[in-house]
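Heads up, there are several structures right after this.
What follows is a pair of complexes built around chain A, which joins chain B in one and chain C in the other.
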Partner chain A sequence: MAGVDSAPATPYDSTGKKGLVVTGLLFRRLRDLIIILLVVGTMMFFIIRLIPGDPAVAILGANPQPQELANLRDALGLDGSLLQQYFAWLGQVVTGNLGQSITHHDSVLSVIGRHIAPTLTLAVLSTSISFCIAVAITTWNTVRPRGILSRMVNQMAPLGMAIPDFWSSLMFILIFALTLRWLPSSGYTNLFSDPIGAIPGLVLPVTALVIGQSALYTLVLRESVLSELSHAYLRTARNKGLSESQVAIRHVLPNALMPILTIVGTNFAVLVGGIVIIESIFVIPGLGSLLLGAIHTRDFPLIQGITLFVALLFVLVNLIVDLSYTLIDPKVRVS
Partner chain B sequence: MTSPVLEPVAELAAPSRGSLSHRLRRAVRRNRVLTVGTLLLGLIVVMVIVLPFFLPSSTATDPANRLLAPSGEHLLGTDLYGRDVLSRLVEGGRASLGMAVLITLCAGTAGMMIGMISGYFRAADAILMRVMDAWMAFPGIILATALAVAFGASMWTVLTALSVIFTPFVARVIRSRVLGVATKSFIEAARVSGMGRWKILFVHIFPNVLPLAVVQVIILAAAAMLIDGALSFLGLGIAPPTPTWGNMIAEGRAYMHDAPWLVIVPGLAIIMCVYLFNLVGASLRLVVDPRSRTLSELQRLRARGQGPRRRQANDADGAEPRTGELKQPAEPIDERI
Partner chain C sequence: MLGERRSNGVYIDFLQMWNKPLTVLGCPVNMCRNIDPLVDSTTGARKGILAMPLLDVRDLTISVVTDETETELVHELSVDLEHGHTLCIVGESGSGKTVTALSIIRLFEFIAPVYTDGEIRVDGVDVTTLTADEMRAYRGTRIGMIFQEALDSLNPSQRIGPQLIEAYRRPGTAPRQASRKGTKLHREADAKARSLLTEVGLPDTDHIMAQYPHQLSGGMQQRVMIAMSLMSDPDLLIADEPTTALDVTTQAEILTLFRRVQKEHQTACVFITHDMGVAAEIADRIAVMYQGRLVELGTAREVLTAPQHPYTRALLECVPQLGVRRRDGFPTISSAMLKAAVEGGDVSGVSATETVRITEPAAPIDADADTPSVVIDRVSKVFGGRSGPLARVLPPKQEVHAVKEVSLEIPPGEFFGLVGESGSGKTTLGRIVSALQPPTSGAVRFGEHRFDQDGLHGSERSFRQRVQMIFQDPQSSLDPRHTTARIIAEPLRELGLARGAALRRRVTELIDEVGLPADCADRLPSQLSGGQRQRVAIARAIAAAPQLIVADEPTSALDVSVQGQVMNLLLQLQRSHNISFLFITHNLSLVLSVADRVGVMYKGDLIEVDSPEAIRTSSTHQYTQRLLAANPDLSNYQRRNS
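And now, the complex of A and B:
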């Protein structure tokens, strides 16, 4: 990476130690993963058990068939003492068995597997587009801090963060689908089986997700650039004859990009929330629609499974963020 | 993490000094954004509290006059049942703003306690912060939906879910500030004089982290409004007929093509409040957080054209740089939402 050699002096690690650093990181992330899944899973476990009365009755409604009731109790693991139930459930989860979905008559894991593609498509597309927008805007902003565009962006970014994505989705549908009839208001085509046909259906949902995300990234990147600009090494760069835009593009931006990675990680939960709503508005058959459906049908094993799965994704995303830190920036110490 | 050693540099580098109340007063005088933002936000709160006494009832249905466009009689039109949209908007503001305030109060208090204990008692830190990380992994919307399914959608389930979700965001920020404050010499002095650890925590550390907590809570209020709106929109928050801005949008959705104001108006209300919360929070952060103050000063200078190049010229003359206060407290960016 361009700017690293001129970064503020830090004791440099020999590349030989990198392997060790990454192993330590993996180990700690694995430990975090277990803690997070345990906390999240336990929380979900007890939420279900806290339902007043018999959860099986609550799920099936009044006057259930006795056989049905017994089956459901069995499926939910409601026999035995609370502690017995807890450890039985824990043992199941550890072996990767998330149980059977009540409404889909299939294992929770395979139901999730069938619905994961649209959600990942939305998440990856919107995050990478927002990332590019933020970098482009900030590059321009750094090179021309007094330009009209820069000033406009400074005012617009906080506004972008204030727009609820469900509202902007509805506005897009109203304008581009109902009034202008340019784009479909719902429906989803698999991006991998039909890349061209999938685009019209993806434009509106992805744009709705991009507004808030790109605003957030732009704000974070701007702050990061400002703090990078005050480092002394830039004086060296300027004194050796680099122009202001060369300094910005070759030194400031590469170094300033780091915090965005962190934000991508911590923003994950917000992104998932956004995707759940966007999927329900645009009728996209992803994990969000699956979750909302599971809530309506009170399919507890499925709700529990999706929750654990999302927590797992969160940890993985943050692991990737951390790993990319150690790969991109040699001065990052695992502390 | 904060690098406590550099804290004094930040203090020195701060372009304005003086006590917090002094800085606050000066900020109000100088910072028009903060003043205008706070006034507007205050105005909205007063309107939401007072207007229902003067407007037509928000529950009175009038089927003959349903889906009327905005007019002199109904300033923002009427909805599906002929109810006045303006009345419902104001009434919904009570629920939406009230929820945001309640959530931030709960999350702010819990986060403050956890952050202070975690930052000061190193033994508790490892466990508490791991649990906080786990909480942050939990998308608020999923916890809220789980609670709503288990106990029925209501104000309480949303309040519980969102307070739990937002607590770690406050706790992390407070913790990093406590880590910095705890190394200051006045804390050392208090300890040497025989003050108990809990007393030090509440008498000396609490007042030092309170301003930052307030700022964090205001920014949280913005996030809380957005998520609360989303939950009401999904029908997992406060249920109709009680209006909230979120469920008004959900109700208007089916008639969007014929009566777009049903969706546009409550959406604009959410945007305005969230924007104002963010604006006020960001401007207040400049008052209490030396680091963001330095950054904003730098931003202003760059925008005015007294960027690094000028400073460099000054350096070359051997003179003290005029804008030399802008030395960077080299804290890495972290612990922010």
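And now, the complex of A and C:
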């Protein structure tokens, strides 16, 4: 069995190496970002034009005058062939100009800027709360693997993932807003301008998002803990005379927590999809509501702008996840 | 029956114990060191000093219960160990040696629901009667442990320093108390860690303590483990195959270190190994186990030079030895012997080993004119480095020269042994010869086939039919969902050599030829033993009637007696089919005893090619001499001591 690797290890943990890893990572991610944005943007461009109707029809309403329609289309840049429109749009996007929103009479970027805060608040709050819940539950389960809570969680977590968030939202509104009248069923206050006043409006939407996410993270962590339990370093830790809770907290969890970051990153796209629904149910003026409105009014530039923006966010979140591995995982850090 | 036994449950509710003072037999655990060793702690009677070994295992029976059936892993084992001495427990896989070691320290109960019968006394205290909490205190302060997989035994996400310090415990302190920074205990632990690291040969302590385990080499990891096991000054060290995963030269260093450290700290040691050669290097006393039973116990000298039990004799005979040629077959342990060892009956009349005579084929193989030699022509392989359009833009990657300009010719029918340590490039060379990985420069020629950096020239099918490979680990190199018959049939079908009834007939022939029972055909790899699995891999390799077999460590995952059987099979096939072998191994004794010629690889260079005899007796190359000196070999011991 001498085949097991005993190759000479890296002699020194130089910061130069770490910089190298990060440079390579940034380079690859930048490349990915360009490809993803191009593909997403192109697909959206053609898909939304497959939907019957266009912004001119939407603005003029039913039975417009043909001459009026032609003029408006001309003004909106919808008169050329599909390919002409595509390349015109592409040329704009490359220079960083996402165009003018047709319905909001403003640039797409500033419209997005006005609606970004509620969406990010929901996303960041629900992700971090889910993460904390999952870590707390897993810590407890690792320390008390046969406890009642552990068994309950093992049964409940798949259920939590199976409940659709729109259903739980509607149930929350029915119970807590309409019947018990504890919390408002809609409305949004900026968390930063009025932290106390914002909380009641956030409780129900955030909880609806947290159920599925925390269940997912708990299940992933559970698998991760189980695979760590087979490692011999736990035998070493026990041999040092550590108690089971010390073994769990000091040795199992730090190693088991690493994979969950990847899930947080990849789950981000799913999360944004969920937020679109939640925002319209709770009437929160975020990107989701904005996107839904834009689709109704066939506001092509705005739809494209939001999609590109979300794609950008997705790539950035995953970049942050990868970069954080270089901080927390010693193997990524220096190898 | 089960009710009478002590069950050492794993999931003991330790949280309740948090605030409870720890006691063993009425006295606080941290006082255990002060228990008068002359007083029997259960009866209070004074004992003679000689009657008090440090470790005293009496009638130990260990069983596990799975799905309501009880399996006995160790049966009525009795051994003892004096202060400062080393007891080697030697046995093949399944002998119960690791189970015994883990049970002494009561870590086995974390792996399986286990029932123990009998006593394990450490310094007079029967550890089987301690509660989980008391045992925890005992483990941390009295017993150190070293395992085979040093890398896996260290926490991958913690630096070495904190891991060492965590193991420091003075009597009377809680676990991890020394980890609290800024305390006196922490400073003490830090100083202790540094002195131990220096002692185990890692004097650059600042650097080592700031490293993560994966940044150290295998030998350094094992040194760290040894230092860690000594952090709390244990009386008893348990080492479970601590050198098995290491190269022979590293193994020799670690064994020397181990002996020195043990002597200086006056620590008693239970050393588990499957290797009689290692036992010869380190043991004061040797216990030989087979299938959970102790078959022989005696001083190292008695067991190694004048073994009483036929099983021990058989085991010793099976170990390949320098200077003993085994071209005509290795001895293997006879099945009558194995049966007798388990039943514990009269073994005096049973012959211990069987020797297969490898016979020449009845009709001499006509020296096939079209069987070519394998010609390896200045082959190099470089890993890493950058290529492609961005090679100039991005910073350069480190290049590893795995194989450097190796040239070699293997004539038809030759058994060529390639020996080297990990990282020597022997496996890479094997993969290049079998056209699984292209070389960076140079070429391998085999008849009309040529394999160079552009890939394989000529028909791939006909090349695969002529060159086959056998891998080290039959467990992972066989598809777990395919039956034996399907695995063996696959190359025949894919290479278009047989189909239908002819294919089935050929598969049956092959199963028979490699010595597998006929009913193996429908079994999955998981239902076979390690030796049987390797036979399946061999049958698959010879199915297409190849002219060259590249065998990469085919026996290193096997027990020594099974290794003999597999080697016999390979030798028999070589004779009967005139197959050439490129036999890659780290086991010098093995390759010198069977090969026609031997090549030694070191850091990518083929430094020496010669006959086994010349390598053994008159090698001038420094590295070869170092390998020979490090090789744990029984014949040296027997010559020294008989």
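One rule holds in what follows: the second predicted complex is superposed on the first by the 276 of 335 C-alpha atoms of A that agree within 3 Å, B and C clash if a C-alpha of one lies under 4 Å from a C-alpha of the other, contacts with A are read in each partner's own complex, and residues count from 1 in each chain.
The working rule: contacts are C-beta pairs under 8 Å (C-beta built on N, C-alpha and C of every residue); 3 or more make two chains touch, one makes a residue touch a chain.
Since the structure is predicted, the reported quantities are computational estimates derived from the model, not experimental observations.
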item	value
First, second, both or neither for A:167, with chain B first and chain C second	first
Touched partner set for A:298, first chain B, second chain C, both or neither	first
Which superposed partner A:181 touches (first chain B, second chain C, both, neither)	neither
Partner chain(s) touched by A:250 [first = chain B, second = chain C, both, neither]	second
Which of chain B and chain C A:235 touches, first, second, both or neither	both
Which of chain B and chain C A:146 touches, first, second, both or neither	both
First, second, both or neither for A:105, with chain B first and chain C second	neither
Contacts of A:36 with chain B and chain C, given as first, second, both or neither	first
Chain B versus chain C as contact partner of A:266, first or second or both or neither	first
Contact breadth on chain A, by residue count: chain C or chain B	B
Shared contact residues on chain A - chain B and chain C	8, 145-146, 231, 234-235, 238-239, 244, 335
Residues of chain A that touch chain B when the two form their complex	8, 32, 35-36, 38-40, 43-44, 47-48, 50-52, 145-146, 150-151, 154, 158-159, 161-167, 170-171, 173-174, 178-179, 220, 222-224, 226-227, 229-231, 234-235, 238-239, 244, 259, 262, 266, 269-270, 272-273, 276-277, 280, 291-292, 295, 298, 300, 303, 306-307, 310-311, 314-315, 335
Chain A to chain C touching residues, read off their complex	1-10, 12-13, 20, 23-24, 27, 143-146, 231-246, 250-251, 254-255, 258, 328-331, 334-335
Contact footprint of chain A on chain B as seen in their complex	1, 130-131, 133-143, 145-151, 165, 222, 226-227, 229-230, 233-234, 236, 249, 253, 256-257, 260, 263-264, 267, 270-272, 274-275, 278-279, 282, 292, 294-295, 298-299, 302-305, 307-309, 312, 315, 326-328, 330, 332-334, 336-337
Of chain C, residues touching chain A in the complex	11, 14-15, 105, 107, 110, 133, 136-141, 143-145, 147, 149, 152-159, 166-167, 169, 175-176, 207, 210-212, 214-220, 225, 228, 232, 244-248, 250-251, 394-395, 421-423, 427, 472, 553, 556-557, 586-587
